[in-house]
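Below you'll find the structures, each written out as structure tokens.
Shared between the two complexes below is subunit A, which has subunit B as its partner in the first and subunit C in the second.
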Partner chain A sequence: MSKKKKQTVLLEYQQPFWTRVKKDLRRNWFAYFVFIPVLIWYIVFHYLPMYGVLIAFKDFKPLLGFARSKWVGLKNFVDFFSNPYLFRLVKNTLMLNLWSLVLGFPAPIILALLMNEVRNAAFKRTVQTITYMPHFVSLVVACGIIRLFVASGGPINQIVNFFTGTEHSSLLNYASMYRPIYVLSGIWQGIGWGSIIYLSAMASVDPQLYEAAEIDGGGRLVKMWHITIPSILPTIMILLIRDLGGLLSSGYQKAILLYNSMTYETADTIATYVYRRGLQQGNYSFSAAVGLSSAVINFVLLYISNKVSKKLTETSLF
Partner chain B sequence: MMKKQRKQWLAGTAAAILAASLLGGCGGSGGNSTTAATTAATTAAATTAAATTAAAGTAASEETQAAESDLAARIRGNTNPSAEEIALVNTTLDDSYLGDFYGLGSDYSAYDGRFDGVTLDIWMPSLYGTADIYPDLSQHPVFKQVSELTGIKLNFITPTVGEEATEFNLMISGGELPDIIMRYNTYYTGGLPAAYEDGLIIDLAEYEQYLPNYMKFLNDSANSEAMKVESVNDEHQRLAISVLNTGVAGVPYGLCIREEAMERTGWTEVPETIDEWHDFLTDCKNAGYSAPLTFACSDGFISNGFSCFASAYGVYSGLFVDDNNKIAYGPIQEGLEGYLETMSQWYKEGLIDQDFATGDSTHRTSLITSADGSAVIHNSPSTIAKAVKGEIGKDVIAAPYPVLNKGDQTAVDYYPNWVSTGTYTSITTQCDNIEAALAFLDFGYSKKGWELYGLGSYGDIHLIDENGKPYYPDDSLVYTDEEIVQNGGNYSLSKYRLHWFTGAYWEVDSSPTGTKNPQLYEILGDWTWDSKRVGLPPVSLTPEESASIVDISNNIKTAKSEYLMKIIMGQLPVSAAEEYRQTVKEMGVDQYVAVYQAAYDRFLTR
Partner chain C sequence: MRGQNIRRVGRWTPSNIIFCIINYAVLGFLTLLCLYPILYIIFASFSDPERLIAHEGLLFKSLGFTLRGYAITFKDSSILIGYRNTLIYVVLGTALNMIMTIMGAFTLSRSGLMFKKVLMMVIIVTMFFGGGLIPWYLLMRQLKLYNNIWAMILPGAIGTWDMIILRTGFQSVPRDLEEAAIIDGGSQFTILKEVILPLSKPVLAVILLYYLVGHWNSWFNAMVLLDKREMYPLQLFLREILVSNSSSQTAVVESAELSEVEAYRELVKYCVIVVATAPILCIYPFIQKYFVRGVFVGSLKG
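Showing the complex of A and B:
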């Protein structure tokens, strides 16, 4: 009798975990029901394949399959970390991603802020459509365009010639030009698409705030600075943390379409190296070892930036 | 006890019934095939009895000999064959109308109907756009005809172009293997030896009796010695059969000068030495060509591994066999500085296309075809002759590989492969009917196969001349077909013929452009046979050996293309060549060479 009484006194959060889950399941069964497909998706496509990371420690051969391939211990990791080009690969990956972050991250925010101030709906729609467009162009075509523009005689090449006063062959032949080309073309490709999320965040700002500011005599800049930006700050922070966690990862497709041996010095990244070394020769174990190493570093970066963000802005992913 | 016995009885009866029905099935299909053969014969309205026996490939009797010479008389030199004659050539295995070429065999005894109803699964990447023209390759006219002649049905598994490696590895990781796999060795880590060790493919040395035509050609060909050595590995295993060349045309790439450039500059002889080339290219520049010399180049060598200009200095793009018959690494040889000096000088003087490092083949084609673009290109003469002729109406002239001093012997980084590398065709361990699979492949090495794969079907595609040699008449579909005329390229290569499928060929005999312009092949011969040929023969590495050098070979490749390209384009001084040598040494180039030396030694003692 006394026991029972004690139980009833327990506050909800003091109850055992599973008791609470059961209760919640009964109360919100429909929400859980709707969640099931998402759960299955994560288990099947994100958790089950994780066992595959074991091939990083094996000499994986598709024919022998997962179980019968030989264990090789840390050989694949040793191969990667003893590579004479390792430092350059890591540096290039970091530099390209840092520049993309520094220049590429604020760009869609600025575009969204500008767009938010435009009152002419037709103009706004036109600008939006034009800026989205590059996102839908196939990467191969987009890179073809870039190559043509920077080739000797191409418009961008001539602009550079005008400023430097010397003739250049294709700008993709110069290691020093590769980063700007890669980063700026990345902005061109992603700016419109990236701004969508900020525009939607801005749409949900309470108009009363703006009215109040207007009554207090606030101009456009004041409203932008004191209302719009603080309102979308959580969105910005979450996207920033996400991007920081990807500093050591990069796709190889665009680099492979743009780089050549003249620009390896600045263009060869972990991803392109793994592509040449691993995928082209069917060496999946090596690719997995490199992938695992960079995933670990990425996770550490993500964790640190999340901590910092939590301290400074009280926004965090977890 | 009783129960158990009864069960055994039941099982036994069931098994018997199964076996009986199986046998019945066999008999049925056998019967069908006979009727099929007869109908074919009657529809062909041939000199019936004799022709069918010849078709079945039974021992030659007096009677059949008479019939053979009869068919030969009707087909040879015939420029307007009747429907009956066309049917006789295309639907029977009688090859008496073909002359005796290259020692090709004509053993068709396996195609007597014993494989009727057999279907082979074949994994084969699409070459020359064949899969774009025929999404189902078994519908290709040549394969259809081969199927009819051999009685073997074909089911092709064609990977997406560009995704071959992924799809190949996906397929084998699924555990379900086709019967035959072709041109897969670069997609499987460790290549053929690893594939055998892992249990993917079988050793065909035990099955040579099922490859009568292949073995006959290996033994009777004029280049039998080289072929026999190249067709097996160091352990004398036959892990794959490859395309065997009935002739080798020679180095496919070389310097092609536009005739018009010779006229414009007043040169009557083609340049030979490096100095002459410098003068000639300077004259071209002064005559108005914006980029006198163009070529494909991504690693400092011109181009596609042929080391043009570099060979004059004794420098090559990769491994080569040196004067002492030892393997050496080409890019770090003594002459490197001299080569780079010349190239960077030419680049600075604007004699070389300024965008050669980033330009693709479209870029180069537009340069060589535009009036003031390039005067000289390093490429395959047949491609360039066509491009230039179309645009300007003039021909191209081929120049030998340049030398340093007048009278020096030219050198090419080339090994004439009698057994084509990269065309490996293997039988997998899951092949149910090895005899049928080999019989199908063996057909390509017979006279009939050589004719059919190489030059398509008789009548509409090719005819036979007085000497029993197939040729394309002017009204052949390879020249007149609407699609080929409009699209050219891949359509002309593969719409009616399959000159790249496993078999025996010579491009000179079967290329629609080549047979019309034999001088193109003389050019290739000139480039090749008088030169010092330093190319590495097709040695084979053990899986351990290839694993031990994969990192080294990648790193030295990266270093090579980076240093050499930068030096040529003037971003690094020529003196950086020494630094490059040191870098490559540190990366372990000596070990790399040693591995190949060991493999080469084994090759020599095969």
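Showing the complex of A and C:
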């Protein structure tokens, strides 16, 4: 039986390409058939916008449409790179992302390490249920809560007043407060949910390793440091590469809900600038060029961090 | 399981006990920190509005007790319209999501397709490259997806990550069962309907819930693609009340004394947060394990 199968495989392999295609289509027509709508959807909603990025090289006028708008070469890119706000935009994007990375990246790892040491199942479940919860609160509501908390008279506002000794209006009106608010609230939103992936990595650690450490008289911190952390290192690296690759990209949704013209100095990022200039002011070509520039730089960053990680730790995203 | 835990955690030495105490204390504190904002909102929503706006700092119980905030919230026509629209978008959107995702995941989970690698590439590429916000927006305008109910449903019809999770689920269906169905003369469609779907219920539940919550919480597409207020989902009305402070909130003005309007406006903010989030958070503890399972399945392939 197995010999026969092998033979037919060989024979099929030797057949000319189109014969094989025909056979494949006849045998698997249903699988291909149901994929047609999926493929069309991907082409329309993902690949057409990629083609549409060409408006970055045009002077797009809505009335003329895509085809009849004039080509202007790199004019939009030159405009962006000589833009007086360029430095501020790049700096704000980097600062917000770096702070989110430095404080927000280790937070779920630490939470997962602590939870991994808990024996009481009920306590563990409670901690998990509650820390995952902010992830399911919608962004609009989360930002609404943040606004109420930092508003004058709100709890966080009061804490800040206590330490500085002065009264503040809503903290979101102070440029110096925007980054802490953005970064710390991000940890609140993401710490629990982010810890799941590490917990799942920890669950697959071979218990014999712990047993061996126990016999050698290793305490819990020793085990954590020498067994648990090395075991989840590949997971950590992969997520780190992903985040490093995103240093120049940033969510605009949360920023749109939190920033205002008083805090542009620290809050305005490349993504929010694209949104404002493009969708609010209608400078489509210019903001498409800004978006494309940052996407290219982002990909380079991702590529570099992936390469570096491959060299250092032999884990890589692709 | 128990024995394994004892081995991992070790004996009750003094350092072990101290470690445990610190660990429980830190985790307890973190948990309270995550929970408190939600408790605060609930306490505030039942509070006497005058006392609430005069109050500063933390709340540990409601200040007085009144349901008037909720009464006003449910009288507000925009909240009701928003609720209705969101329900429509959630039901239609999730239905389309499931159909499209199942179709895509089915094809990508088959073995022996000549073009599977190509199709997989077509999809994976979109996780790394995109046209960006502006070309996407202009395309939506061109496709007449502006002020159109389809604008809330079509652009997000497939979540690539969800499809990959479902594909992993489909692939874990034992091959023997499929082969048995083929021997019984079943078509590919029967295999999908009778074998794969029933055996993949847990993964299907996971992505169903992901999509559901996603639709319930989404607001950005609606903000840029909808202009008519009667089409707004709940989240956009919430944004008006919570973020822009621009809503006229006629319900407040009608139901409160002139001197109280400001206070009631503040109170309504807390009430709408509760009203808009309660459905998700009420079912959340029961479905939490499905969400977590999704991350587990996803991380296998990630």
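Methods note: the second predicted complex is superposed on the first by the 251 of 318 C-alpha atoms of A that agree within 3 Å, B and C clash if a C-alpha of one lies under 4 Å from a C-alpha of the other, contacts with A are read in each partner's own complex, and residues count from 1 in each chain.
Basically, a residue touches a chain if its C-beta (ideal position, glycine included) is under 8 Å from a C-beta of that chain, and two chains touch if they have at least 3 such contacts.
All values reported here derive from a predicted model rather than from experimental measurement.
Once the two complexes are overlaid on the shared chain, A:Met115 sits against subunit C while remaining clear of subunit B.
With both structures placed on the common chain, the touch criterion links A:Phe105 to neither subunit B nor subunit C.
Of the two partner chains, subunit B is the only one that A:Ser170 touches; subunit C does not reach it.
When the two complexes are overlaid on their common chain A, residue A:Tyr275 makes contact with subunit C while staying clear of subunit B.
By the document's definition of touching, both partners, subunit B and subunit C, reach A:Arg147.
Ranked by how many residues of subunit A each touches, subunit B and subunit C are led by C. When the two complexes are overlaid on their common chain A, residue A:Phe77 makes contact with neither subunit B nor subunit C. In the superposition on chain A, no contact is made by A:Tyr303 with either subunit B or subunit C. Residue contacts after overlaying the shared chain place A:Gln158 against subunit C, while subunit B stays out of touching range.
Counting contacts as defined above, subunit A residues 147, 279, 284 meet subunit B in one complex and subunit C in the other. Within the complex formed with subunit B, the subunit A residues making contact are 61-65, 79, 83-85, 147, 151-152, 169-170, 172-175, 260-262, 264-265, 268, 276-277, 279-284. Residues of subunit A that touch subunit C in their complex: 20-21, 24, 27-28, 30-32, 34-35, 37-39, 41-42, 44-53, 55, 60, 66, 111, 114-115, 117-119, 123, 126-134, 136-141, 143-145, 147-149, 153, 155, 158, 188, 191-193, 196-197, 200-201, 207, 210-211, 214, 219-221, 223, 235, 238, 252-253, 256-257, 271, 274-275, 278-279, 284, 287-288, 291-292, 295, 299, 302.
For subunit C in complex with subunit A, the touching residues are 4-5, 7-10, 13, 15-16, 19-20, 23-24, 26-28, 30-31, 33-35, 37-38, 40-41, 44, 53, 55-59, 100, 103-104, 106-107, 110, 112-115, 119, 122-123, 126, 128-139, 142-143, 154-155, 157-158, 187-189, 213, 216-217, 219-220, 224, 235, 238-239, 241-243, 269-270, 273, 276-277, 280-281, 284-285, 288, 291-292, 295-296, 299, 302.
On the subunit B side of its complex with subunit A, the touching residues are 165, 169-170, 172-173, 175, 187-189, 194-195, 198-200, 298-299, 354-355, 357-359, 550-551, 554-555, 558, 561-562, 565-566, 569, 571, 586-587.
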